[in-house]
């Protein structure tokens, strides 16, 4: 990896520049994209470089998602910006009953090359309707692929694969991560969907994470070193398809698992992951699989309340100590 | 507009084909040979044929749960249609869709829909893509009076108008949404009034008058092709059959249905027109009916002889790119 | 239990008669309710006995759900009929961003006594958009209670509790079960939300189920007897709140678990359940927890295809044999 | 309609209170004392006050992300408002809601909303419940020009009209939806035109003219109380501040904002009216401003002195009935 350090927003913008230059059928539609060049600066430069291919729509989520499906069915490669992931609730029929199912219902007559781009996550004091992490709903919707990258380099490689993929991809990026910096190769590259990354090697415990929880695990791993616990961090990156091989390989080595995500605990993706692991790797597990996640409440506004609800590094550390009995 | 006789007989044949197809479907459903639910458009053929006969093969159509007529009028293969209704491997959707999800993308049918008004957002996308690709195609979406009460209709009409998308909105106001009369759930009786709220032309048409529908459609399609934006056409018609086959229909009287059936059958009206205006005669029209019967007979035979899909084929057709790391470079 | 045998539809109608007679603020709103007295006959007699309190709405799911929230906030106890559970997708914002969160966001100022009644499930050859089981989405939405009854007697006792509950309750009933008959006491009674029922005792394996999967387990249990396997069937009835005590008690006895639901496997409620169990009861488990569920595809139309996708008695038997190593 | 002077001064005071409240909020946000996002309605006070001043305490209001004015005009306690914006335990929502979810059910405010148009379906329910309970309350929903493009608006307007629900739809057309001008996303410039599509009266009002708004509101409320159904009022106004505090506002010129600020400030206009018509004089109006400052000062002091909630209080207020078997008999 080259050592150029850029922000997550810049990594996304660069990838989109490459894809839009490479393929005329790629366009971006959403609300209030042009003036801000993306509310998180994630589309910097695109409106000027690709005029007419990044479009401000009326506040009409059903119609916007519909522009995605209908144009994907007729030769385009739309990227639909959901503005905040919370607003998928305003077009769930279009996403889950139409986009996800139309290829299957038609007996494979069509492809639906479409990216639903959803900035998600809490921490901005934006309260209950602007802070959700909803990836679990879509993992439970056959016909959708679900990608939740963490580091800038992952974002670049994964968004490019998502744009080129011929199936609908839900692409979640945490709002708090846009400003985060990291090394990103300057040359174009793809990271295939369905490939997890072992981002830290260790023998004592496997930390399974994605999106923002990767950074929690990374910090926790440092703390754990002082307790003589070496963690292996597996960043899933894609939830469906899930890279179970990489997950299993790590667990066969460590025999201990902690799953971390920001979505609230109950019904979150951690449950699915835990269920698969205990089923397929039952005899390898030396301790119960622990999950670290947000509290089962809507995200409250007041900083002290919100912080209390979100998973913290100390929670990860505590969970690891529990499964390693240290 | 004066249509030549050959064209008029084509239109007649198309309406007859739809009628016979659905009459067949009605019988096969009653006989238990069609699983699930079917919704018939008997009595509404003039709307399907009037609009779709003005379209090119490369134009798009989104249809509804009551979409057999739209499919046939756009030129769908009867064999694959019957086969799909029977759940056969040779059907348009390999048996995965059935009547409610039948589609033929090769002729621009972007799908029937099990969700009321579900087709409208898809049409917005088709219209948008036409605009992006700078072709002169158009996109038509059919929907019902009941569907007109759903939010996506509003969003799509507004968007289509703002961006002058080449879309023709065709509401088939058959005066009933399942068990509820249009007037009990719609705040206006003529839905086309709403066009003004979107700054687009609204046209109220006798939906059982084939040529009236055709004229309205041609004008709207012409506007759309010229890049002048969407039009809202309201075809006033009537649903002769129950909402779904097997519907007890406690909500309306036989008399109400009978009135429409006797006085207002679009096929009767058009055959009378053809004969009155010497465009054809009874025997030629009967001959057409016979030919259609024969063709439909072949389609049914084909479908019945076709195999059901293998159970495990249920796992196919979900993704276009192999589920594992599916990213073509 | 008295031995009066009635259908599930009749049990629901009876319970609603009792509640609407008892409390004037209870009403039912949805599409096409009056003429059919409920498309599954589930509201038989109500339109005539309570004129004006069972209302046919326009096809406007957002507005219908809104009538639920807004009237619940202002003194009524609405029952919102979703027609088919698949159409929750047309009002997810109203359900998940508004109904589920408004009490919490307002700091507990209000109660939201509302039932969202959702007929769900497959088997009617109704294809992908009329056959889904979506309970997992709502289990992952803090602020909602989720009830999925199976037998007629459960339906009667649980719907009455749901109607009286001061919080929003998602109430799922499988379309295939309305005609099923069972014993239902004539006198009024309540089954508290959050109480599972042990419907068959056995020492060899715990079958966890809800809704239609209860009947699969019941049949499987008969088959298993011939293999000398005695299954304990725990019908969860309520998913949130979950009655973990009853679940744990059974597992501490059997040490083996099979979870059965009709929703597709990946991301389904079985994952959450499995994750909790392996965490809390790790040392009691003598075998991995197995899940039996629908295939991860939309529900196809053709009978042979649909049947192939749905969980079967034989799948339950196979899973039990796997966890009992028999 | 002739208003007595005392009432007029009350209205003036209410507008001034909103303006001062939001100016305070602007400063406290800039100073980093208000977390999250806030959206100010400076320049739109005549709409809030004109409508809410015609309501009874038992009438309902749903508001938006830009709802401080509606709250204050309906009579909300300033102390609890400031406290909520600061995330304090003594706020209306105990710090759980903040500006975007502020609510006071005791005065009929069914909540601000973080979802654009999110309040409309709730209003449908409030109106429906009024009808069921046979009271003569009314329900008002405020929403923006951008919100008017969302589907639920259509569904609720249609339903309200069909059932003659006592609802007043008030669109505050401030000509911008975040970065997009109303004309670029709305197919009609005067949204009230759409009322005709729902068979309800539509009224276009100068939203910065307090008495004009009040007159329109009174008429609509009167209709609603009499059971004659909903009205659609469009208050044409202008957003003076950015969409949210901190908005770079690249999408419009300072000149455009300045024009409105100078020529069309609703408070200036109304004070000029009061003085011109001898309803009051400059010194009395200044006195009112001073009194409001004092009251607001107390509110701010109260809020600053208030404690933050205990972190673990985040787990309270989710359910009304104890999570375990919560079923009162």
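Which chain is which? They are A, B, C and D, in the order written, and residues in each are numbered from 1.
The criterion applied here is as follows: contacts are C-beta pairs under 8 Å (C-beta built on N, C-alpha and C of every residue); 3 or more make two chains touch, one makes a residue touch a chain.
Because the structure is a prediction, the values reported are computed rather than measured.
The interface of C-D is repeated, with over half of its contact pairs matching by residue number, by A-B among A-D, A-B or B-C.
Taking the CA centroid of chain C as reference, the farthest chain centroid is that of D. Here A-B and B-C are compared, and the pair linked by more C-beta contacts is A-B.
With each centre defined as the average position of its C-alpha atoms, the distance from chain A to chain B rounds to 40 Å. Distance between chain centres (mean CA atoms), chain A to chain C: 30 Å. Centre-to-centre, using mean CA coordinates, chain A is 36 Å away from chain D. Within chain D, contacts with two or more other chains are made by residues 93, 95-97, 101, 113-115, 118, 149-152, 155, 158-159, 162, 184-186, 318.
Contacts with at least two other chains are made by residues 57-58, 60-62, 86-87, 89-90, 93, 97, 104-105, 127-129, 142-143, 296-298, 300 of chain C.
Those residues of chain A whose C-beta lies close enough to touch chain B in the complex are 27, 29, 57-58, 60-63, 65-76, 78, 91, 93-94, 97-98, 102-113, 142-143, 145, 161, 164-167, 190, 192-195, 241.
By the touch criterion stated above, chain B contacts chain D in their complex at residues 149-155, 157-159, 161-162, 184-188, 193-194, 196-200.
Against chain A, the residues of chain B that register as touching in their complex are 60, 91-97, 101, 103-106, 110-111, 113-115, 118, 120-130, 132-133, 139, 151-152, 155-156, 158-159, 162, 316-321, 323-329.
Residues 31-32, 34-36, 56-62, 86-87, 89-90, 124-130, 295-298, 300-309 of chain A are the ones that touch chain D when the two sit in their complex.
Contacts from chain C toward chain A in the complex involve residues 86-90, 92-93, 95-97, 100-101, 104-105, 127-129, 136-137, 139-143, 240, 263-264, 266-276, 278-280, 282, 285, 287-291, 296-298, 300.
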